[in-house]
Structures are given as C-alpha cells and as structure tokens.
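You will see chain A twice below: alongside chain B first, and alongside chain C after that.
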Partner chain A sequence: MEYLIGIQGPDFVLVAADNVAASSIIQMKHDYDKMFKLSEKILMLCVGEAGDTVQFAEYIQKNVQLYKMRNGYELSPAAAANFTRKNLAEYLRSRTPYHVNLLLAGYDDTDGPGLYYMDYLSSLAKAPFAAHGYGRFILNLPSFTVRLIDKEGIHDLEKLTSGAK
Partner chain B sequence: MRQTLLVTINTASKHQYSQQGGETACSGWSLLSSPVEYAQEAVKKGSTAVGIRGKDIVVLGVEKKSVAKLQEERTVRKICALDEHVCMAFAGLTADARIVINRARVECQSHRLTVEDPVTVEYITRYIATLKQRYTQSNGRRPFGISALIVGFDYDGTPRLYQTDPSGTYHAWKANAIGRSAKTVREFLEKNYTDEAIAGDNEAIKLAIKALLEVVQSGGKNIELAVIRRNQPLKILESKEIETLVAEIEKEKEEEAEKKKQKKST
Partner chain C sequence: MALEDVCGFEETLLHRKWFPASYLEDSATSYRTTDSYNSGLRQEKSVGNNGTPLHFLMPALPYSTTFNRRRSFPVPPANHSVTVRRPFPLSHGTTTLGFIFQGGVIAAADTRASAGGLVACPAVHKITPIHSHLVVTSSGSGADCMLWERILAREIRLYQLRHRRRLSIRGAAKLLSFMLHPFKGTEVCVALTLCGWDKELIYVCSDGARLQGDVFSVGSGSPYAYGVLDRELRWTLSKDEAVSLAREAVFRATHRDAYSGNNVDLFLITAKGWSQRKREDLKEEYYRDMERRAKRVEERKRLTEIDASR
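And now, the complex of A and B:
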C-alpha cells in the first residue's frame, strides 16, 4: 500500500512519501522516489496505477516547464493544481483515464505555502494537511523520503528509515 | 498563359511579405523567382542580429529598433529562450518568429518527455529547419520570413552556434550575423574573430558588441545582449552592463589610437 502525506506550516509545506515500488506481494524497489519536481517551488507526489503515475506526472511536469519557457515566469501552485485537475478530468471520461492519487505542494511568492489534494476522480481540495493511503511505518513501509518547500525552494530532509537492513 | 500566372503569384508573394513588414506599396521589391527569395529579402530588411561562439560562453546580440515616442519601451525581446540551455535570436518578420519559437519550445519539452534528455542544439536547429522547409514545399502557404541564430550548450558541454534561413538550410558557425547589414558585420567578424578575441567570456561579449557597433546608430542604447554560460541559464544583460562594456571598448579604441599616433611620431 502506498502512502503520501503533506502538512502546511506558516511559511512552508512539508511532504513525505514512502519508497516502496511493489508488484502484488513483492517489493521491487525500496528506494523509489514518488515526488516529481514541477518547478523550483512546486512538488507533485503521485501514487496509483503502475505506469499511469509516471506518465501522468511527467506529462504535467513538462507542460509546467513549457509554460515557463513561453511566458518567462513559472506557474503558481494554484494554477498548476488546477491545470493538473483539468487534465485528470478530461481523461476521466475517456477510454484511457489515469488512475492516480496526487498531492501537490508549493510555495507562492505572494500567497505563501499551499497544499492541494487530488484524487483519481479529479477532485481538488486545498487543505492544511492531507494524505493518501495507509502508512504504517516500519512494519509495512520501511522508509520515507521527506522534503520541505519554503520561499527558498525545495529542500531534501533526512530520510525516515527504521535503520534495519 | 504560364507567364502571366507566374507574375501574379510573385506579386502576391511580394505583397504578403511587404504588408507584413509594414512597407507600403511594394516599393523597393523587384520581381524574384520564388517565395523563398521573398522571404530572404524580408530577412534582409530586419534588424541585425549577431551570434558568437566562445569557449565557455555563447553570445547573442541584436540591434534594438528605436520605439516611437508614445510607444512603451517594453523590450520587444528578439532573443528568446527555447529551453534552459538553448536560445535564439532572429531577423525578419516578428510574427512569423513567434510561431517558430513556440513550436520549438514545445518540441524541446516533448523531446525531454520522450527521451528524458534535453535537446542538443543541432537537434532543435534541425527541427526548426525542417519546419521551415515544409512551408517552402506545400500548398498555399508562404515560407517563414525569418533567419534564426540558435545558440546553446549540448549536455556534453560543447558550445554551439547554428544559423537557419527561410529555405530551411542550416549550418554551424563560429560567429555569424543576420539581417540588415549582416554582410558588414560578418566581414568585421571574419577579420576580428581570433582565438585571442574569444579567450575569455568578457572578450567574447565585447566582440559581439564591437561587431554590432559597426552598424548600429547610436551605440549601447540600441543593443540588446544575451549570454549563456556552460551549465547556467540564459542571462539577458542589463543596459547598465552594456553601457559599461561599451565604455571599456571606447577606452580601448582610444588607447589603440594613441599607440598608433605615438608610433607614427617616433
């Protein structure tokens, strides 16, 4: 079971995701990074159907970069979240919907930190804290990648691990 | 019958290009034999752009057209980033350039998405050239009236400069100029592009400014300059920085003139 969590602070957003890539009962990887850097101050965390996650996340990532190239400045987190949701919604009623659950975390220079919850039915909610999945540390999920976004950008924090290997 | 048809097509092309360029009544345009040639003429009327490939830096300089009195001096950017490591300057029809630049930007991201690597400068040049060529050989469309200078660094660190023209050909250059007075600038570069001249970043930038000063009317105010250094994003120089460099160049010129005087007198 995959797990994502995000917490918005007064001037930062803290996010964490587990590091397991599993296929049924087999853990294929235990160092898998589920966070996608959309821009200097926006991170997208993505879990769900294998393949859909990377395809959808990279598609959004490249489109956010294209916006930056075309316009000379980056999309705000709110705009990026709405863009993502719109794409999910369009694909939802097609033959090829994306089964992905997302958290989008970002820092807007004018509005401050923001955390957005999205799911595979293309719902969107701005929330102070949010999570996807069941994250039982140590017993089920051995380690988590943790990152922080503030006005300086994205910072890597120490991985949470059980220490045992 | 065929002859009259040719003439009509040509005058139509002439009209298409001259209208776009803001010229009235196709004056100054003689009958040419193909739409590509008209596009090339349109390029020759555009403001000058110069590109220089240094060792650790690539430089693009353009002549800024003076704006009308009531027009806001928001810098009409003739130098545009295509991706974080590639940028281009153009000469010719600005509207046509917008289309080409947009397509190139999309292609840069598309390439990253499918191949997980940034484009090489040659790849994106080839893409732009192919796009231009398609418009020289298809029904009812006229060629893009722009030449482009494309600069950047490949991911192995090699600096590159390419030039494309409306026919869809492209070539790599060490230094080149396009637009009005391109010939004069190119001749200047042929004389002055030496290993010394591009030894350092500053020298390469000064060479670009010197080349433009040959043809630009009133000096630093009418020059826009952009540089890419290895592993760094595009940087557009502020007018203050350009003024400082222009002042340095003037000083060097004076010192050169002084030395020559002294040599003559001794």
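And now, the complex of A and C:
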C-alpha cells in the first residue's frame, strides 16, 4: 500500500513518501522515489495507478518548467496546484482519466509554505497536514524518503527505515 | 518496416488495400506518431503527415480490380476496433529474469509458451536482441510481445538513422512506454525488461510502469526466481558465478511453476555487446539434481548407520 504524508510548519513543509514499487504481490523496487520536483521550491508527491502516476506527474513537471522558460519566473505553489487540478479535472470526464492521488508542497516567497491535497477526482484542498494511503502496514515498508521545503529550497533529509537493517 | 516508414509507404493506396482493417491504423494515437511525440498524451487525433521527403512510387498492378473485389466479405470499418474473442484463455506463464553485476548484465528466461493448460510450444525465444547492445526479455502475451519488440526495434533504428547516434536504454524505455500508453486499458499485455550495455536494466509493462533497477524477474515463476536471486546476488559476482546463479534461478522456478519449463536461454551483455549461451535443456539438470539428492541421502544414511553401530 502506497503512503504519502505532508506537514506544514510555520516556515517549512515536511513531506515523506514510501519507497516501494510493487506489482500485485511482488515488490519490484524498494528504493523508488515518488517525489517529482516541479521547481526549486515545489515538490509533487504522486501515487496511484502504475503508468498514470509517472505520465501525469512528468507532464505537469515539464509544463511548469516550460512556464518558467517562457515567462522568466516560476509558478507559485498555489498556481501550480490549480494548474494540476485543472488538468486532472479535464481528463476526469474523458475516456481516459488518470487515477492518481497527489500532494503538492511548496514555499512561496510572499505567502510562505503551502501544502495542497488533491485526489483522483481532482478535488483540491489546502491543508496544514495531509496524507494519502492506509498507513497501517507502515512497518512492512522498508523505508521512506523524507524531504523538507523552506525558503532556501528543497532539502533531502535522512531516509527513515523500519529499524532492523 | 523501418524502410517502409521512411519512404512513407503507409500513406499509399496499396498499403490501405493490403491492410484495410489493421487495428493499428484505427487507433488514433498509434505508434506512428513518433514524429510529433504526442503519443503519450492520449490525443484523439493522429498526425497524418510523416514529413518524409521520399515518395514511394508503386507500379499500377494489372489485377488491382480483382484484388479489390476479393475483399467482399464484411470487413470491420477502419475506424472502430472489433475485439476478437480468444479461443482459449490467455495465461501469462513464464519466468524471465535480468540482473546487473560487475561483469555486465545477465538476461535469462525459460522457453515454454503455454496456452491455458497446454504447452503450446516448448522452444520459444523469450529473449530477443534488439541491436548489438540491447537485449529484451519478454513476458505476457507472446503475440503482443513479438509485435512490440519489432516496433521498438524499428523505432530505435529510425532514431539512429535520423539523429546519427544510438538511443540510450532509458530513452528506449521511455519511448516504448509512451508508445504503449494509448493501449492502456485494452487487452495488450506486454512486460518487457530492457537489458542494456550501459549496465541498465529497465522494466516496462503495458500498464504503464517503467522501473529502473538492479534485478527484475517477471512472470508466473518470478517469486521462485526472486527467492534464489535474493539469496546470492551481489555486485562482485564473477561471470561464471553470475551465469550459474541465473541458471539456478530459472531452473528452480521451472521446477515449481507449472507454466515455466523446458529449456533455459541465457544472454550476457557487456560493453562489447551481447553473447548468447547455448540453450540448455533443464530436464538434464533436473536428473542431475535428483542424483545429487539421492547421493546426499545415501551419504547421510551411511553416516547414521556408522554412528548407530558404534
């Protein structure tokens, strides 16, 4: 079961995601990174159906970077979140919807830290803390990638492991 | 196929006569739109122009009218695909594996093709070289795998002709993944592991997953193969140890899994290219293993008898 969690602090956002890429009952990878860097201060965490996650996340990632190239400045986290939501909503009522659950975390230089929760029905909510997944079987998951976003940018923190190595 | 494409043959009338109900043509986001690279975005329109400078001139055939008339039986119109019901249930029985070690990349697979409970063919090639430095192991539906391997080979060759450099393994995996994406949700079932010279192993499947890793095993026999691999696999294996580990993993998987068996194919990919080991019948290995066990049991019996008689 895939798990994402995000916590917004006074001047930072902390996010963590599990590292398992599974195919039915087989764990195919134990060091899979589910976080996609949209810009210097925005991270998108994406879980859901196998191919949809990477396809959708990379699409958003490239478009956000394209915006920066065209206009010279980066999209704010709120704008990126709304852009993502709009895209997800457009595909929702097509023949090929994307089944992905997202957390978008970012630091805006004027508004401060922000955490956005989005689910596969493209509902968007700005929240102080949010999670996706069941989390009950956390002890079975080998490790978590943890990252922190503050006014300096994105920092990698130490990977959390389940204890016994 | 690659030459056809470069010359724009698909646009001519003759091609349409020969392949009127080709499902590939109807699928609007078909793999042919690699020129515009928009196949990953599920667009409903296909870009018809290949932008090719050559025009393939076909001679007018004298019997072209009779050829047309022959196709009088109902052919489904080109713009909606008819699902053909399979005469037997598909079963994705196979054991394929690939792993990286200091001496290169090993790809191994069994050779049984099963259709339900029947062994359709005992000597299938599940590992296909795409070019001198890229080998692909396939599992899932045999027909789909064969087709998509050919399509991948074609697109890699086209890339090489157009850009005058070889596409990287990651690039090939991404290209394949994007080409498979429009068929997600249909019954296409393809799970390929690309094993490349630059010590990369990438698993691509028709669900859309694209994973890079150090060891992959795919198919109904994969849990058994993983069990053997996870125990002994290390980066520092020698070439012989790696080959024997791969052989052992496939052998154990074929022993326990009903849908894998017959022979084992083994490829080793290094910076110099791929090399294939002679196909080995696992029946011999099974008998050797039985003999070894019998000897061990005898030895133990002998020792306990000696102990008892003391």
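Before moving on, here are some points about what is shown:
Convention: the second predicted complex is superposed on the first by the 159 of 165 C-alpha atoms of A that agree within 3 Å, B and C clash if a C-alpha of one lies under 4 Å from a C-alpha of the other, contacts with A are read in each partner's own complex, and residues count from 1 in each chain.
The rule we apply is simple: contacts are C-beta pairs under 8 Å (C-beta built on N, C-alpha and C of every residue); 3 or more make two chains touch, one makes a residue touch a chain.
None of these values were measured; they are calculated from a predicted model.
Of the two partner chains, chain C is the only one that A:Y32 touches; chain B does not reach it. Using the contact criterion defined above for the overlaid structures, shared-chain residue A:A21 touches chain C, although it does not reach chain B. In the superposition on chain A, contact of A:T96 is made with chain C only, not with chain B. When both complexes are overlaid on chain A, the residue A:S123 reaches neither chain B nor chain C. In the superposed model, A:A50 makes contact with chain C only, not with chain B. Contacts of A:R70 after superposition: chain B is touched, whereas chain C is not reached.
Of the two partner chains placed around the shared chain by superposition, chain B and chain C are both touched by A:Y59. Put chain B and chain C next to each other and count what each touches on chain A; the higher total goes to C. Shared interface residues of chain A, touching chain B in one complex and chain C in the other, are 59.
Put simply, chain B touches chain A in their complex at residues 81-83, 102, 105-106, 108-110, 112-113.
The part of chain A that touches chain C in the complex is made up of residues 21, 23, 25-26, 28-29, 32, 49-52, 54-55, 59, 91, 94, 96. Contact residues of chain C toward chain A in the complex are 40-42, 177, 181, 184-185, 203, 205, 207-211, 213, 216, 222-223, 226.
Of all the residues in chain A, the ones that touch chain B in their complex are 58-59, 62-63, 65-66, 69-70.
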